[in-house]
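Here subunit A shows up in two complexes: once beside subunit B, once beside subunit C.
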Partner chain A sequence: MTLSLVLQALFAGVTNGIVYALVGMGLSAIFKGSRVINAMQGEFAVIGAMTTVLLLTKAGWPYPAAIAGGALSGALVGAFIEVAFVRFMARKNASEDSFLLLTIGLALTLSASVLFFIGRDGHLLPPLGGEGVLIILDAVIQFHALWLIAIGIGATLALRAFYHRTTIGLSMMAASIDADGAATTGINVGRMRTFTFVRGGLLGALGGILVTPLIGVDYQLGLNLTLKGFAAAVLGGLTNPLGAAVGGLTLGLVESLAIIGISSSYKDVVAFSVLIVIMILMPQGILGRAGRRGG
Partner chain B sequence: MNPRILLWLAVGLVVWAVIPFVVPRYIADLLVFTGIYTVAGLGIGLLLGHCGIVNLAQATFYGLGAYASAYCTVMMGLPSVVGFLVGAVISMALAYVIGRPILRLTGYFLALGTLALSAIASALFFEWDWLTGGTLGIGGIPKLDLFGFLLDRPSRYYFFVWIVAFACMAVARNLVDSRTGLMLRAMRDSSTAAAALSIDLQALRTKVFVVCALFGSLAGSLFAHHASFVSTQSFTVDRSISFLLIPVIGGATSIPGIVVGALFVTFLPELLSKLGDIHQILFGLALVAVVVLMPEGLVGAFGKLRARLAKRGGGNG
Partner chain C sequence: MSKSSLIAGLIGATSLVGLSALGVQAQTSGEPVKIGAIVSVTGAGAGLGGPERNGLLLAEKDINAKGGIKGRPIKFIIEDDASNPDTALSKANDLIFGQKVQALLGPSLTASTVAVGGVTHANKIPQIAFTGIGPAVERERKCVAHVLPPQRLNATALLEYAKSIKANKIGVLHDAGYGNVVMAELRPLADKYGVKLVAVEKFEIGATDTTTQAAKVKAAQPDAVFIIATSATPFRNVKQIQITQPVVAAIGSSSYEYVNAMGPAADNIVIPEFVVGEDPLPHQKAFVELFKQTYNSTPKNYEAAAWDAAHIIAAALNKAGADATGEKLCEAMKAPYTGVLANYDFSADDMTGIPLSSFIFSKLVGGKYTRTPFRITQ
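Up next, the complex of A and B:
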């Protein structure tokens, strides 16, 4: 095992980790704000990426505009799902399980819709920053991976600032910590929950758009990303979106170490085993109880 | 048992016995699948309806049963009953070993833990091609032979599958009506109170999980002998999800509800597929509609409707 191989694996791990982190942060944000585990979080990534592909190739939008459009489509679908389904079910005091089943049903519907309207084929997006690569000690890193890492970190920091500095962010936190208390101080708790879904959709779509130049997007990508995002969120303690960022990076690194240590075909086996073991042994996530604060 | 119920039971039995001979072959085939899915769905229904556990790992045990049957009969030339037994033993052992730690989780964590389990199993089925044949699968699994009577047509296999399904329903019913069932209900309604009555919740949940795995494995073996061919595509996470839909759609606490759910997941996609490729979208929407509008499943919604009608009828009369 040479140094360059390890370095290559580390970079791949960080790149994938950021994508898992973005999906996981969305999942965690939705869970924190509404107590719903969103089993269609990965579908937001598919929606965002597919919309970007269509805007770029069919509508001929410039790339940055197409990316913005893709991210926005994720946010809109998030808002739609909250208003159309979650709100209605929450009013009827639906159980935890029904929300899980609802989102599973939506995931099936969306994945089937992509298959029906767009087709079976995978689609790629052009890499950000061109086709160029950076070579450090024989390890090859695409420029796109660097952009992905930078945008991922930027989004995480922006999320933190949003929660701690803005009125809406603080209101959303308050609504999730104590809905009745927040309502008495004049916070529209229902609207905050909609915002939560908007942000979850936005983060998921962003993750999908960023990963597409590397691995492509097809109708089956959603489920896998949902599982990886959930693993990231659980590693980080589930109710802490910033913890999900740490969890995503850990998961990405564990996976790429499994690839060089065992075999690339066991990557998912290792990732999901880690998820199960962490859930059993460290129910608070790898950050422990302290991780529950923050975010 | 009052005579009216007995009459209905007799009519039902006659319809059940006549149906495979009067319907076209592909419907008989779907009815065989309904039986197989009923067996697999029963275990999930027990977990969901009586323990409040969402099990998304049933395709794992379904696959174990199917591969055990395929490997024992095709690769080793053993009689088919050995395949059933090997699958059942391995599934129950695995369910016990995994169930013990994983059932300490609750709610969402457990649901996604079992989903992760299914994802791991489906990756391993794919990788261990020396055992499973990978994507090429194992073909040429013999049809079941019952004392010289070859179950080689859907209309014949139908009876065997449904008798197994009825036996499994009887087991499930007995489990629910037994002391274990009472403990299960106590645990579901208030786990703290149940624990205070010195019920070992962990052991109880593991027991039901093991029963669920046994049913899953049985269904898998039945499937292998029906399809004659097994490959990794049949045991993916998607299959685990569609198994979970059976009790969700039918109603988890009712045993007839499982049959309704199994009919739904076998027949609806088939009926919708006449509309072309859009059928998967419609199936997803149907699922969403059931979850949103009928949280207790079709059987629960039907019961509610009947109760409402009876009340209205009583009010007028």
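Up next, the complex of A and C:
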């Protein structure tokens, strides 16, 4: 095992970790705000990325505008899902399992719609910062991956500031911790839940757009991202969006270091064994207790 | 022009069109000869089944335009197995016992082929599968022919190319499905070719990143890299971490779907396969042209395999008679056949008989397929 191989594994681990983190943060933001485990978080990524691809290639929009359009589409779909489905089910006191089934159904429907309307083909987006790479000790990392890492960290910090510094963020947190109590102080709990979905959709779409230049997007990508994002969110503590960031990085690094340390054949065995151990030792997730304090 | 002369003109034109159509198309009449077909149009195998269905539909038109089966039209009853062996089996039962088809074409996937073969073999219904021969049980099924090469042949073709570029140290990136099956054949063959597998790295099906595996392959400093997968991801990763050695890919990645998803990484990759629609071999030209006219897209291996299977069963029916028993049809099929995809011989032990010389070696250059002059002489 050479130093350059370790460095390469670290690059890959951090890059993948940030992707898992972005999906996981959206997942846990929605869970925090609505107690819905959103099995279609990965589909938000597909919607955002596919919209950006279509705006860029078919509608001929400039890249930054197409990215904004893609991110907005995720937010709009998030809002639509809350207004059209979640709101009615919540009014009838639907259980967490019913919501889970709803989002699984929506995930399959959205994936099939992408297949039907856009087709089987995978699509790529141009990398931010061009095709250039940074080479350190023979280990290679794309400029785009550096952008992804920077934007991912930025989004994480912004999310934290949003929850702690803004009235609306504090209201959302209040509505999620005690809906009745929040309502008596004049917080519109239903609207806060809509905002929660808007933000979940926005984060998911942003993750999808950022990851597409590296891994491409097709109709099947959603489920893959949801699974990894869910693992990241649970690992970090599902009620704490910051935990998802920690969980995502842990998962990404464990995966890639397992490949060079042991064998690629046992990558998942090693990675998930580590996760099981962490969950046994820290059942609330790595940042579980911090999450209780409001994360 | 008066109204009556306009009508007369129209009648004249119509009859001319009718005549010319007659001149090109032989007329078929009578009860259609029914052939069942099972393909995976949905599910994981849709990348195979979709193209295969196009090949079948085109072949049906072509066979009927050339007189059908002794004057009777041929009719393919095409069913989707949703990439599921259980569904394939129930569709096969329906086609054989419900619809009373003469023969069965497909399925698209190995697991489904093995399942369906149990019924066709027991009931002496000829079957031509769109797969390479799989588990040992298939060798006993002497009326289940295969129009794609066995994985051993795919592995051999990879090694033949490596030998031709004098690559003795090979790094392999493969997935846990298709890649595993090919690897099982490749390992023992590598010794025979005097090739050393310096790094063999695996990744799960649907993996979105294989950079670390690619880095391990790079660190082993191979002379060439084999990629055995049904995904574009490892190809992108290999270019991303700047592996500069020649990349040779197994036939599983040879579809436009994957090549488009590779983006700029679809460059300088050699694939042992059979049909390069951009530059077809002389005997493939007629098929490629017809396909392009009909579908406005370029065919690849799976379209050609289905087209061949359809023509093979039509030839057997024309030889043995449209109402021949399954056993007679089987006998009629057991002869060398020069297809668009390859030269087959279904009397061979592997129920395929495809020789190594049928492989052509395509090279992706800037996202486009080109045909290299390299061929294997046996």
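For the reader, a short list of remarks on this structure follows.
Keep in mind that, in the parts below, the second predicted complex is superposed on the first by the 270 of 295 C-alpha atoms of A that agree within 3 Å, B and C clash if a C-alpha of one lies under 4 Å from a C-alpha of the other, contacts with A are read in each partner's own complex, and residues count from 1 in each chain.
Simple rule for what comes next: a contact is a pair of C-beta atoms (placed from the backbone, for glycine too) under 8 Å apart; a residue touches a chain by one contact, two chains touch by 3 or more.
Remember, predicted model here, so these are calculated numbers, not experimental data.
In the superposed pair of complexes, A:76 makes contact with neither subunit B nor subunit C. By the touch criterion defined above, A:282 reaches neither subunit B nor subunit C.
In the superposed pair of complexes, A:272 makes contact with subunit B only, with no contact to subunit C. In the superposed model, A:116 makes contact with subunit B only, not with subunit C. By the document's definition of touching, of the two partners only subunit B reaches A:230; subunit C does not. Of the two partner chains, subunit C is the only one that A:4 touches; subunit B does not reach it. Judged by the touch definition given at the top, the superposed model places A:92 against subunit B, while subunit C stays out of reach.
In the superposed model, A:256 makes contact with subunit C only, not with subunit B. By the touch criterion defined above, A:133 reaches subunit C but does not reach subunit B. In the superposition on chain A, the residues of subunit A contacted by subunit B and by subunit C overlap at 265, 268. Subunit C meets subunit A in the complex at residues 46-47, 50, 201-204, 206, 208-209, 211-213, 215-216, 219, 232-233, 236, 240-242, 257-258, 260-261, 263-264. Against subunit B, in their complex, subunit A makes its touches with residues 37, 85, 88-89, 92, 94-98, 100-102, 104-106, 108-113, 115-116, 223, 227, 230-231, 234, 265-266, 268-269, 272-273, 275-276, 279-280, 283.
For subunit A in complex with subunit C, the touching residues are 2, 4-5, 8-9, 11-13, 15-16, 19, 120-124, 131, 133, 135, 139-140, 142, 211, 214-216, 218, 220-221, 224-225, 255-256, 259-260, 264-265, 267-268.
The part of subunit B that touches subunit A in the complex is made up of residues 48, 52, 54, 101-102, 104-105, 107-109, 111-113, 115-117, 119-120, 123-124, 126-127, 237-238, 241, 244, 248, 277-278, 280-281, 283-285, 287-288, 291-292, 295.
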